[in-house]
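Written below as structure tokens is the structure these notes are about.
As written, the chain order gives the labels A, B, C and D, with residue 1 at the start of each chain.
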Amino acid sequence: MPATLIALLHGPDQPGLVARVAGWIFARGGNILHADQHRDMQAGIFFQRVEWVPTGAVGVAEREAADFLVFSDSLGMQARILVANRRARIAVFVSKANHCFHDLILRWKAGDFSGDIVAIVGNHTALAEAARAYGLPFHHIPVTAETKAEAEARQLALVHELGADLIVLARYMQVLSADFLAKVDRPVINIHHSFLPAFAGGKPYHQAHARGVKLIGATAHYATRDLDEGPIINQDVARVTHRHDVDDLIRKGRDLEKTVLAQAVRWHLDGRVLVYGNKTVVFD
Amino acid sequence: MPATLIALLHGPDQPGLVARVAGWIFARGGNILHADQHRDMQAGIFFQRVEWVPTGAVGVAEREAADFLVFSDSLGMQARILVANRRARIAVFVSKANHCFHDLILRWKAGDFSGDIVAIVGNHTALAEAARAYGLPFHHIPVTAETKAEAEARQLALVHELGADLIVLARYMQVLSADFLAKVDRPVINIHHSFLPAFAGGKPYHQAHARGVKLIGATAHYATRDLDEGPIINQDVARVTHRHDVDDLIRKGRDLEKTVLAQAVRWHLDGRVLVYGNKTVVFD
Amino acid sequence: MPATLIALLHGPDQPGLVARVAGWIFARGGNILHADQHRDMQAGIFFQRVEWVPTGAVGVAEREAADFLVFSDSLGMQARILVANRRARIAVFVSKANHCFHDLILRWKAGDFSGDIVAIVGNHTALAEAARAYGLPFHHIPVTAETKAEAEARQLALVHELGADLIVLARYMQVLSADFLAKVDRPVINIHHSFLPAFAGGKPYHQAHARGVKLIGATAHYATRDLDEGPIINQDVARVTHRHDVDDLIRKGRDLEKTVLAQAVRWHLDGRVLVYGNKTVVFD
Amino acid sequence: MPATLIALLHGPDQPGLVARVAGWIFARGGNILHADQHRDMQAGIFFQRVEWVPTGAVGVAEREAADFLVFSDSLGMQARILVANRRARIAVFVSKANHCFHDLILRWKAGDFSGDIVAIVGNHTALAEAARAYGLPFHHIPVTAETKAEAEARQLALVHELGADLIVLARYMQVLSADFLAKVDRPVINIHHSFLPAFAGGKPYHQAHARGVKLIGATAHYATRDLDEGPIINQDVARVTHRHDVDDLIRKGRDLEKTVLAQAVRWHLDGRVLVYGNKTVVFD
């Protein structure tokens, strides 16, 4: 079965875009499986996710992917293209908390992800043994205030060495520097344990408890140099009452964090998340 | 501003459908605003909702609508097409309960619907005065076991006379006969006060309370000759506990019924609901 | 049937409180219908809502209410007590938006509230006619920057004249001054159209759209001198996507605002909301 | 720290029950931590969960537990009493599906349960290795139509030998016979992968897909001789669309099943679930 191609494109709206993209694919013998469009009427921006099967010749997918980028460029569109039989490689960064760690790995082993976890990177060794029990290499890169720059250099080298396409911060409790994020040059998905923009920063469950909110939340977003300010991919909330103390919020929050992060990773891997400005379009 | 056209089509899947539809529209100078596709891989069925602006000449929308049906027929597709500046006419059937009645009318007056409520039809007079206070004609057609056939004949005549495009049963507590539904020849949306298929039939809140469920629901569906078995458009649930007696379920359920029905009506009016077999595809 | 009494009390935790309160009521021939306790273990605070039927003698409820306050004082507890057959009087403040206005009135007329709306107070006349159609007096008190102090004086006088027990701000788009809130001396419930503390201040749906959140919310809270900072009574959220523009958020938000506000008012009227510090305990 | 006692009682309503229970505890030097009551007004039944700390003498908890049962009997109440420092022993029954299995064990290891998983019992060996990796004994008891009676006898013997207080069917795909359920004489919690009573019986996700529902659900209930008809402890739902095929429903459903079952087990272990007739009162 031939690889499908997935293109995510966006740019200034103009008449005929849907027809021209569909026509380009059809003219080369491709069959469109899914095509979703969105128009931001106020901003005049056109967004599209299109997934198609090219003709079956060997190597055609990669060639057609390259050609499509030239084509979309001629339309004035920015595009990202995925060849769907090329499974993404994922590096998972962890600290001590293990719920997202176990959850991501078990989902991956259950076949939920169109990508593969290739390594666990921890600033603590708390999850080293568990990682190895799953058959995953664990890389311990401790981070202190003094050694942060050096540690990030090691992380960068490791990410490149692993050929990772995606970094997932599974409750990794360190802030990545703007420098790291600039150099890493691949998407980094973080899970923040609040309904952003409420309770940005540290100890959000403590903040939520102090404020007396009736819902707690979790937010998966792309990490950017502005902490907790990156494009939001997914959010969810759970109801709490005065009966829940901070520990209960933390416990209930774990379920939110797991499902919100896993869904965001899944959408990303399936080529469903298009970033523009500081927002996302999720073609789900 | 020219009228937009909305086509809902479905039929046997085949390569090139997206491109051919887009190409047909583009060739005639139209601009596609939205196009959503879905493929049921197992059943081999292709579904599409496409919304476009034809060239601005007077009367072109109606002509192009007719032409499109010929075209979609040539593709082996069943299609329904809406001309979006033609507002649908809605007849609302009621009994005594007034929550969906008020809710639909207030949403309509708030501009939420791309259609107009043109009359209220009641088998009781409980809402007659309230209807008139909203400036809406109220038609009282009482129904008893003996007079049902005659009453339905009057309802049918009224629906045709009103030129209604849609009938909404806003907690209308009578079962419409298969004969009526066959003859009325336009969609009928009903709200059932349970999460179908649980608790079909009468007194669903009593059934729910007796069974001790932890969630109650509401279901908006197209009425068919098989009572409570028609294609489901929308459903939602709310959490209940042992503290809620049947009256509480009824009260909480009213909120569900209102929002679930209103959303279903809205989707229907926006040409977002495609019926096939006994199911719906909702392009939301 | 004799009036029930509802007491809300809180204070420093100490052994035997539940037994002493229950014993006090029992010794006077009362029968406890409901009694909910909560302990904030960290803060060492005890909270209780207890609802009971005193013996049936005429006038006993009022006397026992007064006696209970002396008793709870002897326990070192702060208490509020309601005599449940004394229906609260509600003044609803509005501006131009009508969704919460209609919703509250229709729920009241449906018998959902253990209190009565006695007047509508508007800084615009947009809802004057609709109020009168419901048989409710409408008081127009315009507010401008220059006349604010004077307008608030009129509002204060009106609230006292009406004998209102509760003020509900049903999308009343004016900030009440700290001076007004100090002098009004009765609870004021506001609905804020965001999931506080996210998007406090003006135009929260615009803020939410700009940030690209995936859920929008509404928050009912007691108004305090710190705008949008008062004790939260109720919150809820709804899912949104990139397909929703600001107008869609506003429309979807209306449903949230209605149900979140109505539930908060209902809980307040049923004596289920206990305020302490800047938080609430809701005995639902 | 002395053990707390938790009593769940219910019986015919009568005046003074709250005061008498509180007085009984207080008279013996106990301190009530939590006390929740519920009255089913229509059925005239009183329900209570009361949690208290008895005086600290050694062995007092067990004696007071026994005494309380005599006392509650004198009130005409049925009661169940837990001594909270006695951790319940849990046997988890599995087949091949592993999501609830991993989820329960990881929550247990995270300290979420006031009880301990002591063994895994499988009719297949699919999870044997994983169980042992968690340090848990795995008992393989295969079941076929011919050997069912014999297999259940082995299961019964094992449950007694393990001293299990609770059996959790974590997607155990065998129906337990009425005979087994009668003899096992301890609670059995099952997770059914639908929103019961909708889609009882086999292959509920296939049923849900065929019916075209817009929400899928999961239900945790006590197993009784009437398959899928036992008292419901917890339910939840998730939204689905036409885009979800049966495999997607199964995948989405796994998250529901995990959280719904884990919450039910947690509530059960915390003595929060009171069964009466075919319903539950959950004091959460």
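We adopt the following convention: a residue touches a chain if its C-beta (ideal position, glycine included) is under 8 Å from a C-beta of that chain, and two chains touch if they have at least 3 such contacts.
Note that this is a predicted model, so its numbers are computed, not measured.
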**Request:** Using the touch rule from the top, work out which pair, A-C or A-D, shares more C-beta pairs.
**Result:** A-C
**Prompt:** How much rotation, in degrees rounded to the nearest 5, is required to superimpose chain B onto chain C on the basis of Cα coordinates?
**Reply:** 180
**Prompt:** Between chain A and chain D, what's the gap in Å when you average each chain's C-alpha atoms?
**Reply:** 37
**Asked** So, what's the distance in Å between the C-alpha centres of chain C and chain A?
**Response** 41
**Complete:** Multi-partner residues in chain D (2 or more other chains touched) are 38, 243, 284
**Item:** In the complex, chain C residues that touch chain B
**Value:** 98-99, 102, 106, 110, 112, 133, 243, 251, 254-255, 259, 284
**Item:** Sites on chain B touched by chain A in the complex
**Value:** 15-20, 22-23, 25-26, 31-39
**Fill in**
In the complex, the residues of chain D that touch chain B are 38, 40-42, 47, 195-199, 211-215, 217, 231-237, 241-243, 245, 278-282, 284
